[in-house]
Amino acid sequence: MTAGDLLLSVEDLVVRFRTHEGTIHAVNGVSFQLEEGERLGLVGESGCGKSVTNLAMMRLLPQPAGKIEGGHVMFDAQDLTRLREDELRSIRGRDIAMIFQDPMTSLNPVLTIEEQMIETIMAHREISRDKARVRAVELLKMVGIPQPETRLDNFPHQFSGGMRQRVMIAMALALEPKLMIADEPTTALDVTIQAQVLELLRGLTEQTGSAMILITHDLGVVAGMTNRINVMYAGYIVETATTLDLFATPSHPYTIGLLHSIPRVDALVGEPLIPIEGRPPDMRRAPTFCPFAARCRWRLDVCWQENPPLRPTVEGTRVVMTGTGATHQIACFNPPTEEEAVAGKPLRPGFVSAPPPAGMIDEVGAGRIGSSVDLEGLVGDIQAEEGPLSLAPSAGGLPLPPESEHHGQPGIFHDD
Amino acid sequence: MAAPAIPIGQVVDRRASRGLWGDAARRLLRNKPALVGLFFITLFVVAAVFAPVLAPYGPLEGGLAQRLNPPSPAHVMGTDSQGRDEYSRVLFGAQVSLLAGVASVVMGVAIGGTIGALAGGVGGKLDSLLMRVVDVMLAVPGILLAIGIVAFLGRGLPQIMFAVAIVNVPIFARILRGSLLSLRESDYVTASRSLGASGSRILLRHLLPNSLSPLIVAATLALATAIIDVAGLGFLGLGPPDPRTPEWGTMLTDSTKFIRQAPWLLLFPGAAIVISAVGFNLLGDGLRESLDPRMRR
Amino acid sequence: MLRFIVRRLLGVIPVLFGLSIILFAFVHLLPGDPATAILGQHATPERVAAMRDYLGLDDPLWQQYLSYLGNVVRGDLGSSIINNQPVLREFLIRFPATIELTVAAMIFAAGIGIPLGRYAARHAQGWSDGAVTIISLLGISIPVFVLGLTLQYIFAVQLDLLPASGRVDPRAGLEIRSNFVLVDSLLMGRPDLFMDGLSHLILPAIALGSIPLAIITRITRASVLDVSNEDYVRTARAKGLGERRINARHVMRNAWLPVVTVLGLQVGGLLAGAVITETVFGWGGVGRYVVDGIFNRDYFVIQNTILIFAIIFLVVNLLVDILYAVLNPRIRYA
């Protein structure tokens, strides 16, 4: 396996959910590519479609609500959206492995760790039970579980959360997959455990040469873990760049907003955080204009009328989708300048963000129902309590004491 | 587990709400099965309340000359072995069933609710004592407990109501205790408390609506079982002491002797019991779905 | 595991204790003079005196209670005042009939309910799911006696397919050995009698099993649906396991848990329902024995059959809890 070969190509993926509350436009034409061994971060708020994108790739959308309504997922020269179920099954777990957010619920409570690990191995390899068990012990040792021989006979509830996630990682790595998808792998864990698990994940995927897609709402997590980042918003990729580029020159108003909402350890005393106002749009409406318009400080009149396509930040650049030379692209009609990105707000004299056109006040002012509510309420099963967008740095900085997180956040315990 | 999370632009207030009960009513009116249930219950209540107006004959009126007549324009549901009009007796029977059903559920809620509130509210030794009492009640299954109580207290409508009430006591006791216990520890009560909400406000705004909804659902469903249990006692011959009283279960017992000649005597009281029970079961399920905002589909 | 069983056994003791107090009160606190109440107004003074003596009514209440407990523990559950037969013996003679009925009803309920619930869960939101919802609604809304009488009318009176009542054709000359018709007929080498017993069993079993059928179908459907949405089922799918294996090992292994609990609880409902079913179908089991006891104001019969019923119910629930623990490692290792 050599870096540079294209492993995965998602082309114009569209996913919708048919629910009692209407159709939810969860993923609205997402395209990205991944090279072998590359590590990609998928970042965004709850309900932005990042988990759904990956479940759709594996065709694991909750049935019968979730449906891939367009696009292709090319993996190893096969279109995963067209494969027969049994062909797909041989890819799941062997070529593409997944780790889910909540290790408490992702392991079957009535089966021993041994049973769950061995069945993964035996589903894909002609191998005796004894050999599979030896392999399982080896894997548990690899992820740092003490006394793996005896621990194999335990049930999930006899492990701590961090240990369970290690088991999940061991299980995912069992067949040395070409691609590992980690969906919020550390969100449910204590802060001190998070760093350990991330480090383990990085080390082991490097060893096996697996590519990785890391889904998270936490920019701090992706910073040290990935080569490249896609920022998603309301079912779109709104910014894509190498990790270095993204942190050096964040260019989409949403990304800038995200970075400015992170309390930095090196921030000047008294330097205020700039929160993103408002909430994500109602995902039940088919998107017709920029989904971020209602919350954007840079919006123009055109933002209320058209949906900006993803374009290179430097005009005329040839688009490279993968690798260290990947093109920095954003979907924005009025990209902030570098100075504005640093300031977190428009600096052009006399600039006023365009007011919503008449008749759209209702939608903008309060936005009815935020997508996070929709997706968690209606599609909650698939993205199990993703939690609100966390901006406490987990891997890349010092964790904040819990009390301080609630300061200046009236309404966390909002009493209706 | 402390989630290191700050909501930004997070949705905090939920949809423009008409309050818990307003939302529930709106959802209930969209629930077709619940509306069907409501329709059956209305039929049943109208029959009970307006029996004297609707019934062409008195419940005891008849003569052996009219005995076991099949349904006809004069007697739409035929006549029974004493020549009494079955339709009129089914209507008046609704009074007995409605009265006994409602009274026993009210009694059951009062007794069970008190036990549950004391157990969940006070806790400690009282809690374990009361729960042992409930366990004892549960050890004697369902109608057998009612039979025993009627056997001890003697026949009579009040005794029947009490007996059926006792059968339901454990359900209500457990519901109230359970919701009180879980709510006392729940995050949003802790949250309200930390925001300085007063005890009574917490009780009124959070604990009460949240314990009331399961109680209302259980009470509605219990009405269905209560009607069935009352009729069951009547069927066993433990109904109202005056055997002439039009009670659906007792009427069915009479019908068994004439099942060959007069199947309508089985059909109509049987249908009356089933329809009213279906009504309360449908409404109860509908209420459960509309009162619990988390409940999907 | 052993500790779990012991703890669970210890939990039964206070319940039995409480129950014995209530049942003691049931006889010893009858209004007026309990001895007269038990024997009726027309009893001779000698019999009343003997009864007072048996109950120990002249002793302090606590002593009366202790002697009652002593009698129960020794297996002396009193005698019928009608025919002076010991309650325990009479109960045991009739019990096989009730077991036969309840087991048949349970087989009917679980045998149809579990597959039906699984089917409905797999085809959730389709027409079959709606049909299952209606079946389970009717199941819990139709009382045993209404269904029993209806079945009798249709299959016995109108169609003449199945016998309306009784356990076996009385003219066929079944020798009573174990008092299980299905067993005794086979012991006699008479398959014709076995079939006759079976045909007598069908209608009462359906009538009695309809409520458990409804409840089991509902709970199985809900449980399978719940478990199908669990994260670990998604994990299993993501691991590339086949649907059959996912169903058997990941879904059903977990979905069984609530179903098992409900099966145990239904035993209580079946015992209670048997009282009514036996009345409808003239089935000579303990249910009829209780009902007759009530009409005869035969207090010892009522008191002690209730006690036996409760003990059976508690034992069944104990067994179910143990089975639950075997199936659920979270309890086993708690």
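Each chain gets a letter, A, B and C, in the order it is written, and its residues are counted from 1.
Please note the rule applied: contacts are C-beta pairs under 8 Å (C-beta built on N, C-alpha and C of every residue); 3 or more make two chains touch, one makes a residue touch a chain.
Bear in mind that the values here come from a model prediction, so they are computed numbers and not experimental data.
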item	value
Two chains joined by the most C-beta pairs in contact, as defined above	B-C
Of all other chains, the one whose Cα centre sits farthest from chain A	C
Between chain C and chain B, distance of the C-alpha-averaged centres to the nearest whole Å	23
Rounded Å distance, chain A centre to chain B centre (Cα mean)	49
Inter-chain centre distance, chain A versus chain C - centres from mean C-alpha coordinates, in Å	54
For chain B, residues that touch 2 or more chains besides their own	297
For chain C, residues that touch 2 or more chains besides their own	125
Footprint of chain A on chain C - complex, ascending	125, 229-232, 234-243, 245, 249-250, 253-254, 257, 327-330, 333
Touching residues on chain A, where the partner in the complex is chain C	58, 60, 62, 64, 85-86, 89-94, 97-98, 100, 102, 105-112, 115, 119-120, 123-124, 155, 157-158, 168, 171, 381-382, 384
For the chain C and chain B complex, residues of the former touching the latter	14-16, 18-19, 22, 26, 30, 125, 137-138, 140-146, 149-150, 152-153, 157, 268-269, 271-273, 275-276, 279-280, 290-291, 293-295, 297, 299, 302, 306, 309-310, 313-314
In the complex with chain C, residue positions of chain B that touch it	132-133, 135-136, 139-144, 147-148, 150-152, 224, 228, 231-232, 235-238, 249, 252, 255-256, 259-260, 263, 266, 270, 273-274, 277-278, 281-282, 285, 297
